[in-house]
Amino acid sequence: MSSVVLLLSCRDKVGIVAGVSGWIASIGGNIIDAQQHTDAEDGVFFQRVSFTPPSGVNLDDLEQQFAVIAGQFGLDYQFCSLPHRPRTAILVSKHLHCLSDLLSRAHLGDLSIDVQLVISNHSDAEGISSMYGKPFVHLPVGTSDGERAEQEQQLASLLSSSSLELVILARYMLVLPQSVVAPWSAKMINIHHSFLPSFVGANPYRQAHDRGVKLIGATAHYVSENLDEGPIIAQDVVRVTHRDNVKELNRRGRDLETVVLANAVRAHVEHRILVMGNRTVVFE
Amino acid sequence: MSSVVLLLSCRDKVGIVAGVSGWIASIGGNIIDAQQHTDAEDGVFFQRVSFTPPSGVNLDDLEQQFAVIAGQFGLDYQFCSLPHRPRTAILVSKHLHCLSDLLSRAHLGDLSIDVQLVISNHSDAEGISSMYGKPFVHLPVGTSDGERAEQEQQLASLLSSSSLELVILARYMLVLPQSVVAPWSAKMINIHHSFLPSFVGANPYRQAHDRGVKLIGATAHYVSENLDEGPIIAQDVVRVTHRDNVKELNRRGRDLETVVLANAVRAHVEHRILVMGNRTVVFE
Amino acid sequence: MSSVVLLLSCRDKVGIVAGVSGWIASIGGNIIDAQQHTDAEDGVFFQRVSFTPPSGVNLDDLEQQFAVIAGQFGLDYQFCSLPHRPRTAILVSKHLHCLSDLLSRAHLGDLSIDVQLVISNHSDAEGISSMYGKPFVHLPVGTSDGERAEQEQQLASLLSSSSLELVILARYMLVLPQSVVAPWSAKMINIHHSFLPSFVGANPYRQAHDRGVKLIGATAHYVSENLDEGPIIAQDVVRVTHRDNVKELNRRGRDLETVVLANAVRAHVEHRILVMGNRTVVFE
Amino acid sequence: MSSVVLLLSCRDKVGIVAGVSGWIASIGGNIIDAQQHTDAEDGVFFQRVSFTPPSGVNLDDLEQQFAVIAGQFGLDYQFCSLPHRPRTAILVSKHLHCLSDLLSRAHLGDLSIDVQLVISNHSDAEGISSMYGKPFVHLPVGTSDGERAEQEQQLASLLSSSSLELVILARYMLVLPQSVVAPWSAKMINIHHSFLPSFVGANPYRQAHDRGVKLIGATAHYVSENLDEGPIIAQDVVRVTHRDNVKELNRRGRDLETVVLANAVRAHVEHRILVMGNRTVVFE
């Protein structure tokens, strides 16, 4: 552990910054970076502090020692270490560009994730997974409701039994039920191929084409109970014209999707994200 | 008239380009620029050709002479002249940045519109209008339904009696009824302060804030029967963060709105736009 | 004065944040926002803290009281008040879009500057200046070297005699000598119509066209001794194509220039900028 | 061959469009898309026409049949077929993100190139090349001038002996001499990690950092005689702040480089590019 990140939030009040920075100084920590945000409308204070901890101290020690300050200010907080390389599962269907991009970034060291397995309802992703030496699990979906429920149960079990810390939906095209999603609050990231909240649901590029928009977008968000309504982490758009048919929108969108998803995953593994209700604070 | 623009559309078929360019050559016209687009899905062909006409020929002559070609290919078409400086009314409520920007551009020669009058349901715009020497009409709205209907009738009359060619809704915050809108098909441009189809209706920056989006947008579109659903001409977005409250979103959005609206108006006055249903072809 | 901004920089060392935030707490100030940056390569720490001061305290009091902390950490610092509306001169030549935009923003309350006078080597700007009720000073340049030197001397005198706090070069096309520039370190903002350091000097859009770039840019920077080499505050670009001739590049560039310049001026009047050598820290 | 692309340029004159479209109609071809551009300043006309050829006709037939029209208008022209999947060599040094991206796109069918071999002065790229089943050639450079010249000769031979149609410099960090470059005019694409013409040569991200720019860029261009001065095909930028040190600029730049290079290669393989001197016409 080369540095520690402290993420905290609380009702805004006087003296928090002095209290936190004073405590870090008192234990001999050296602040590398600190960012804060006060949501004046809701009266909530957010902070991300990264610091070099004194040698021989672990996260549990820090949590214990910080308890007094935390109690004093009523802080929600967590300590995390950097570098962080979470054990990750990637779910994908037939569009493989995000998966291929994530595997390439992890392989080249551009993105700090430890891909444990790739899961798909189709078999298309098996080749690229094995090229990168990643276990591939094929969980096809039958045609009946019962078979669909069974597949979801298998998926839930697989995710829970693999000591995973992060799940990435890299163009996984099936809607997941609460039974699968619930355990992964703020730990499951989806890429949706539109500029949310526009074009929720199926075929967003078709919807975008038929509405005649002049920009298309991609949105990475934590998965919550309702489809495509979770807290947004990252978004971007690209200009399109009347020349772009649906196929061309899909092509242009691919580059957006890969970059937006990678940026969201990077923010997550670097402990830059705090969730407040349906919104996020993403410290850069 | 220094050049002529021919805008046309038709069912796609073989030989249109040859037919049109051959006709222009046959009358001694010299093509300056030609752009075309085939919507393969719907089987429709669009073209914009600008050319130097033979001397002494007017638009009526051209329309007559072109009738044979047009009949042969089943063309919808119109001839326009450039430069074009349409007699324009600007409608505005209390936010004056788009109005001020349009008046400044017209004054400096950046935008080819001849502003005939400024109309508002508030009196805030009177000052800037008179600075630029433009007639200002105050059409306040009473509190009863009857007074609202009366104001709408006054507005409709005013627009129809002023020999106007273009109406710009530059942050006019009242919904217009069909009776006002209907005569201005593809001649009334609105700026909506969101990336449509996200956040239709009132307070889009508030909606954007509460949804936690990471980009905000602006959309210029022709006004049609249904609010915020007309054919989109231009859109753009700007990056925002958790630091931006609703007031700050409004501020950042202002620059987007002025530039997007100005670009849409420019495309209109340069005869670059063809409408197909709810979409536009905008030739650049 | 509704709030105070403290801008500071120093050699990076342990305890600065705790020291500063502790001091603000000790005087009964309430931190509204704090942003910091450590340039690890150069070992320099930067901070911007805005806070509500205790009632009845002025900037001089704060400076005196802060002296102990400042001495302890070797801080360079300044206290400023918000809102700040500096007395401003705008210099311009024949292109009036930036001037018109700045006057409009100041008039509508979008930009907090108090325009005292407009100065130009041409007379074109007189009309728009008088529309906004701003004094206009015409300082034409003769053809001889002597006349040029005389005009520069008049300009230097005019700037120094007007109790100005900010000078904006809004497309002023004459190079200013050190004698004019020197007194305005970090108080004179220029807009250059290229993405610096590309295309310094004259006719950057012509240069951009001839090089065949696919994006054009604009750069706002503090004016320093060497032309177009001062610390950059803000930059932006817009996509262009082979269809854009030099005239069209000029047109597209105008919107960039106005927005980039306005953003730079806004950052300045909100005390968001710290200069380090030839670079800037711009806290958002 | 599902369609034919005709690329042409000539001195601008009356009747070219009619002549070309008439000829296509006369041989029974059906125009799918046509784009044209007149550079009024230089008096040059450019056109790209794609059309469905009559069955049983090959490119040689078309060239012969077109000769009369070409002679009449003094056209430079070439016929190409689509889809086109050129035999391609990729040169790379130690930064592998562009290589990995190109191999992934080719593998997934996103980019129509047939990668024949990967060449590097280092061995780092061997792993990823073999994962995709691509031959890897290691051409290390010795320390003496003679060894450098020898490596260049080997490289030139390798390129010329492999029936290649396209060479991509995907972060190949050695300057290539004329002897290597000359045979590949408009067939060798380089990615430079800056917004050219800013920051030519070595370490552009270091240069960008030291100049304090607020945007960094990437430029894909055809390689010509002088380093980083060839005709630009595609460029893009991304916003950076004072928080981004050189390492972070490198990281942010990687996504730019991969997307800009891929877009340039796509434009090339789809025959969308015409070179005029040091500029390009890229039809979209």
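Per-chain residue numbering starts at 1, and chain names A, B, C and D are given in the order in which the chains are listed.
In the analysis below, a residue touches a chain if its C-beta (ideal position, glycine included) is under 8 Å from a C-beta of that chain, and two chains touch if they have at least 3 such contacts.
Values in this document were obtained by computation on a predicted structure and should not be read as measured data.
> Can you list every chain in contact with both subunit B and subunit D?
A, C
> For the copies subunit B and subunit C, give the interface type as same if over half of its residue numbers appear on both sides, and as different if under half do.
Both copies touch with mostly the same residues.
> From the mean C-alpha coordinate of subunit A to that of subunit C, what's the distance rounded to whole Å?
Here subunit A and subunit C have centroids separated by 38 Å.
> In whole angstrom, what separates the CA-based centres of subunit A and subunit D?
That pair's centroid distance is 35 Å.
> Among the residues of subunit A, pick out those that touch two or more other chains and give their numbers.
Within subunit A, residues 241, 243, 284 contact more than one other chain.
> In their complex, what parts of subunit B are in touch with subunit C?
Those in contact with subunit C are residues 96-97, 100-101, 104, 107-108, 110, 128, 131-132, 241, 243, 251, 254-255, 259, 262, 284.
> Of all residues in subunit B, which touch subunit A in the complex?
37, 39-41, 46, 195-199, 210-215, 217, 231-237, 241-243, 245-246, 278-282, 284
> In the complex of these two chains, what residues of subunit A are touching subunit C?
14-15, 17-18, 21-22, 24-25, 30-36, 38, 239
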